[in-house]
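Chain lettering (A, B, C, D, E and F) follows the sequence in which the chains are written, and residue indices restart at 1 in each chain.
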Amino acid sequence: MKYIDEYRDGRLAMDIARQIVATADLVRSYHFMEFCGGHTHAISRYGLEDLLPPNVRMIHGPGCPVCVLPIGRIDAAIALAMRPEVTLCTYGDLMRVPGSDGSNLLKAKAAGADIRMVYSTLDALRIAEAEPNRDVVFFAIGFETTTPPTALALKAAIAKGLGNFSIFCNHVLTPAAIQNILESPDVRKLGTIKIDGFIGPAHVSTVIGTEPYEFFAEEFQKPVVVAGFEPLDVIQAILMLVRQVNDGRHEVENQYIRAVTVFGNEKAQAEVANFFELRESFEWRGLGEVPYGALRLRPQYATYDAEKRFSMVTPAAKDNPACECGAILRGARNPADCKLFGTVCTPDTPMGSCMVSSEGACAAHWTYGRLREKARQADAGRAVA
Amino acid sequence: MCLAIPVQVKEVLPDDMAKVTLGGVSKIISTALVDDVKVGGYVVLHVGYALAKIDPEEAERTLALIREAAIGDAA
Amino acid sequence: MNKMGVKAYTWKLDIANGRVDLSHGAGGRAMGQLIEDIFHKALDNDWLRAGNDQSTFAVPSGRMVMTTDGYVVSPLFFPGGNIGTLAVHGTINDIAMAGAVPLYLSACFIIEEGFPLADLECIAQSMGDASRETGVPIITGDTKVVERGKADGVFISTAGVGRVPDGLDLRADAAQPGDAVIISGSIGDHGVAVMSKRENLEFDTAIISDSAALHGLVAAMVAAGGKHIRLMRDPTRGGIAATLNEIANQSKIGFHIDEEAIPLKPEVAAACEFLGLDPLNVANEGKLVAVVAPDGADVVLAAMQAHPLGAEAMLIGHAVADENCFVQMATSFGGGRIVDWLSGEQLPRIC
Amino acid sequence: MNKMGVKAYTWKLDIANGRVDLSHGAGGRAMGQLIEDIFHKALDNDWLRAGNDQSTFAVPSGRMVMTTDGYVVSPLFFPGGNIGTLAVHGTINDIAMAGAVPLYLSACFIIEEGFPLADLECIAQSMGDASRETGVPIITGDTKVVERGKADGVFISTAGVGRVPDGLDLRADAAQPGDAVIISGSIGDHGVAVMSKRENLEFDTAIISDSAALHGLVAAMVAAGGKHIRLMRDPTRGGIAATLNEIANQSKIGFHIDEEAIPLKPEVAAACEFLGLDPLNVANEGKLVAVVAPDGADVVLAAMQAHPLGAEAMLIGHAVADENCFVQMATSFGGGRIVDWLSGEQLPRIC
Amino acid sequence: MKYIDEYRDGRLAMDIARQIVATADLVRSYHFMEFCGGHTHAISRYGLEDLLPPNVRMIHGPGCPVCVLPIGRIDAAIALAMRPEVTLCTYGDLMRVPGSDGSNLLKAKAAGADIRMVYSTLDALRIAEAEPNRDVVFFAIGFETTTPPTALALKAAIAKGLGNFSIFCNHVLTPAAIQNILESPDVRKLGTIKIDGFIGPAHVSTVIGTEPYEFFAEEFQKPVVVAGFEPLDVIQAILMLVRQVNDGRHEVENQYIRAVTVFGNEKAQAEVANFFELRESFEWRGLGEVPYGALRLRPQYATYDAEKRFSMVTPAAKDNPACECGAILRGARNPADCKLFGTVCTPDTPMGSCMVSSEGACAAHWTYGRLREKARQADAGRAVA
Amino acid sequence: MCLAIPVQVKEVLPDDMAKVTLGGVSKIISTALVDDVKVGGYVVLHVGYALAKIDPEEAERTLALIREAAIGDAA
């Protein structure tokens, strides 16, 4: 598969890893946050951490739109779906995200809610056209990548006069989240989390370009390398970050030049701007309220805005107090630190959203990381003995 | 996040649609978000929409950089 | 299916345009006609023609095996087969996985009101063909019709009985550390073929379902090295990931497998990229996983590769001692990962 | 049903309030838990615990019998039973109607998304109880979950195998003019019990379904006069009218029966008046019709009446030579009529 | 079962039959028409014709509301039911009545029409209340007996403001049909059908009383005995008719005094009058257009009248030309006279409506009469030999 | 035509409904079409509605007439 296989060459990765070892300064440590779940997934899936020297460590960031959705938004979506007139369309990823009290959309569907899994906003539109008696709501989630398809669906619904289509908008914004992390007390003042640089999102950046990262690089003096999601992309990006740190640079570099430009996809940006506007504040699970961290429909499209159309209320979040997702999303803790990990919380019985999405740090650690953790512990045991 | 794959455009269809292919599998997608989609070119596909075009020269350059990095810092 | 004795029906079934209606399930003459003109004609054997509510057959003394499966595939017709061929192959395979020779099948149809008679006939014909090709007759059956909206076209449940060769005793808990894991061919073909025709997913691919009856392959394996075979299983729902995890947990061992060794068609890999799925979780309907004692791995593998349905068979790994019962895989990239069961339904993902 | 080996599940099934969702059918751990915590617990035997996709058993040489039936009854729970008891009794009965001893059953569940776990457990428990009471274990099974609106709560298909006593060969075409027709008890109880709970028909009656396994009764009949028995059939769908017409057409004879002799509970007669139905068309689930050579009628009838499930057995008529294969009945009023199959569905009528 | 069992005493029936033999004048013949299918059913089911002397013969009349429904009305109902928004509720009797080209409601249901069988108009109302998004139409058929329940359903729908409920009215009137028969050329002029008296309807008369029959008795000089549907009721009524003929009387007598009065159920009549009015003319299968032979909703209830609400058209009838139902319904022929009887036309594959309804003359003859026909033919054979 | 059966009233319910019984089977029906329905009395039931009351004396009289007719014309 062109543009896939050639970026999955394990031998080349080994070679680059050797270069990282050679380049990294032995007397200092490097902590890089990969913002995106896609990078987390690649790191876990391909065992990239095993290739890195001990002084180069990756911190898994909050870049999974499923993981950052607050529990109250899931509860609100379930309440909406239970309305007899409503058909809720959603991406499959959301079906098992836990709401309050063990609820989720899969169980709501079993309890009678009309919930349809779709592959694309185009499918949701088709359903609204085919079933004019149903109130079809698209449960929209995602970062800047997934927002333009929602905008186009809304545009098409308006053009077709589909009065029975609306959107429950949960689109969130990457730069706001990164800024929030960098401004958090953990990172800024307490110093409990050391971040020496960021791997920037791959597909988000195809839309927004590299330009929006310039602000942090400058303001917080942190290097950013936008990278693709294939393992060679990631490991190359890590080498680029090590070099920037060594050089004392804090630039925005673009590893993913085959698909990302400085200004991104301006056509997509324009479509989004036509229909959406910033929310003053939006709760991200783990990060709390993020100023200007999300989008909502512009007021002129209120009839297409499910929150207004159905007077939706977002109940206060009631996260499981033992779940460490929040700290994990901010990079303050690791999945293995959570008391629930692997005991009560597994991919079959997720307690937190980090375990639901296969992009989530806990799920990635469950599927790919337990092994390495064991090996590491065994090594440590041997070292002690 | 944001599962997306590089696919090749096989056919440009009316209404901003296109037939794309990957490894012998083809599918109809929307190209409404990108301009100047050409048969033979590659786009990044996400939830049924082409999000960006892939620049074959830049892809080649990336691979060259990776190979170069693997060999060691010539610089 | 006991309506054979009913006199010639006044009106022929309108198979081209007709639909199953509630009278076809009500126990009267309409039901008799449906059974006779569609099922008996397609499945065609003396047992059904005898027209009893059960059928009899002679057996020698020994061990027998019994199994059942329900078939609810959607869509009903897909590249490489339909629900009827699956219902024959799948149940034969569950018999064969005991190392047994399948002898007889039963078939139970639950049909939704409104189902086109032409589709029903096509499915029945496919079952008749599959039954004749495999040499396993369907000797008894049942038909029920439910109201529109209370089924999904047609559901088929088949049961089967077979004979276990003397001395063979395959068990779920028999795998031991060191055993070889062999797969009979490429993975994920069935699941991808079916998904390619699902509404909202539709994509074009040349992939066809691998649906096939494996009892011939199994017979060759048993003949070549039956005493070495610990157990076999067909990796259907949940794919080989589920099958290996099941065996690991039942035998209280772990597995180490090698991604490079697992046969996978490029189109299947590509379709999985499209859908965000892992081919290890995708269903197969004509493949088996065998766990074989180390000494027998070569001879069993050779016997498989000599059979058309095992031509691409590969040794993909080994059982290991592991109290966690992990299934671990060396990835083609060079790393390692845990292969877990799929949680929840297999759905296309956006991330 | 092969998930026994899976490790203890983190969360208990919420049987009181939970519902079946799609993950319970997806081949992962959720499915394993459903099977283990509901089906294995209720059906409880070593075969299921072995956790294979099939089960094995030893047989001596001789003739065996195999049958299958699908159960789609609505409502699922009715006075005197539920779909689970029916699925055990009905398939045992189809084996018993060959004069055979039922040995093993398989069970296949097709469950609609949203089905309450409590109802599923209740059905499974009923099947376990019925299986233990009858001494016929359910040794293999399968579970599928389909989307809401694509089934009707739960459908169950059971298959069964049994052993035919040496020398016995009952056949649908064996009835001869002069043979006695014996019914084991009152007719229509099951159909009326089920209809009494149908939405829109609801009426109150003390009638309970006659659902019962008849293999004990059959064993007594075979022991007493097996050589005289031509054939037996359980008059389920379509009632004794359908059964007698089937036999008449298959054996190319006619029947003369006597309305006065047919056991019929007054409440069943009354319910049929309410609904405009003929009790001869109403389903039974614990009755059999035996056609017996004239010489054996007394001894078979006596053996039946000595068994609890045949206490009300009656000789209701005789086979006659009739090229039209008419089933004729002398009415209690003193006239005669033809008893035909029911045309179409059995529906309440206004006229 | 009180009021049932005591009227089914075969021995008493024999005794009365003997009295009929004793009473009937040997030198003349008696031809009585039982108007109702209920009587036809009882006569066939209990073999009453076998008990009668050869000179007392029964003619089966058109008294089955299913049998007299013209094929065009079935076609119209099917077309209505196929509309996606419509749920058609109907009594089970109608499901297998053949429309054009082998169609019927059972097949229309199989083809996707939403058709529900109900036991009572109350069920149809419940469906309309429970499913406000469906356009619920009650396919109403029946004589005066079945009309009051339809009237009450309409009344309740109005009271509850059920805007999604309507009625496809096919209620027909007994007296009009009897008059039509008596005025038909067959009977009146050609003399091909001799009718010496009528057995009047049992349950129709509980509603309309005996009074409406006075007109025919007087005008056409034919005796009428209103009788119950149990076999003793019928045979007693035959004896009463024989006596009237012998006496030269043409009175309306009431055998069914336990439930029928002179003026009937005036409350029920009033409910019917509130909501229905006469149609100038209505086609009865077999009888053709019958003036004032049916009811329709009064114009003020047009929104509840499915014919108006859905602008229904009744296509021209296309009866199978070989079907003799028409002549059978007028008493001009017997089922055994039809070439299709028992060959192409059976209860499983009815060609005409007389074979569908178990009250129909052909169905009654199929189930109960073939035997007697055979016995009779055998006797005739023996007599000839 | 018009399948109807004689049933006994067991209980008079609100809204013109009643519980009726026949041979041990009971059902709730509408009595909106008849007046003065009394517990213990009989009505003719058709499609869920009581159509008429049964007059026990007239029923007795009918049976007497039938028996009389069966014996022969005393008149």
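By definition in this document, a residue touches a chain if its C-beta (ideal position, glycine included) is under 8 Å from a C-beta of that chain, and two chains touch if they have at least 3 such contacts.
Treat the numbers as computed from the prediction; the structure is a model and nothing was measured.
Counting steps between touching chains, the shortest path from chain A to chain E takes 2.
Comparing chain pairs A-B and A-C by the number of C-beta pairs in contact, the larger count belongs to A-B. Set against the Cα centre of chain D, the chain with the most distant centre is B. Centroids of chain D and chain E (each the mean of its C-alpha atoms) stand 38 Å apart. As a whole-number value, the distance joining the C-alpha centres of chain C and chain F reads 61 Å. Chain D and chain F have centres, each the mean of its CA atoms, that are 38 Å apart.
Between the CA-based centres of chain C and chain E the separation comes to 56 Å, rounded to the whole angstrom. Of all residues in chain E, those touching 2 or more other chains are 1, 4, 37-38, 64-65, 91, 96, 106, 119-120, 123, 142, 146, 346, 348, 359, listed in ascending order.
Looking at chain B, one finds that residues 1-3, 5, 22-23, 46-47 touch two or more other chains. Contacts with at least two other chains are made by residues 22-23, 28-30, 266, 269-270, 273, 341, 343-345, 349-351 of chain D. All chain pairs that touch, listed by label, are A-B, A-C, A-D, B-C, C-D, C-E, D-E, D-F, E-F.
Of all residues in chain C, those touching chain A in their complex are 200-201, 266, 269-270, 273, 275, 326, 328, 331-338, 340-341, 343-345, 347-351. Contact residues on chain B toward chain C in their complex (touch as defined above): 1-3, 5, 22-27, 45-47.
Contacts from chain D toward chain C in the complex involve residues 2-7, 22-23, 25-30, 32, 50-72, 94-95, 97-98, 100, 104, 106-110, 139-144, 146-147, 149-152, 155, 157, 159, 161, 164, 171-173, 233-234, 236-239, 242, 246-252, 283, 325, 341-346.
Put simply, chain E touches chain C in their complex at residues 96, 102, 106-107, 109-112, 343-346, 348-349.
Those residues of chain B that touch chain A in the complex are listed here as 1-6, 8, 22-23, 30, 32-35, 42, 44, 46-49, 51-56, 58-59, 61-63, 65-67, 69-73.
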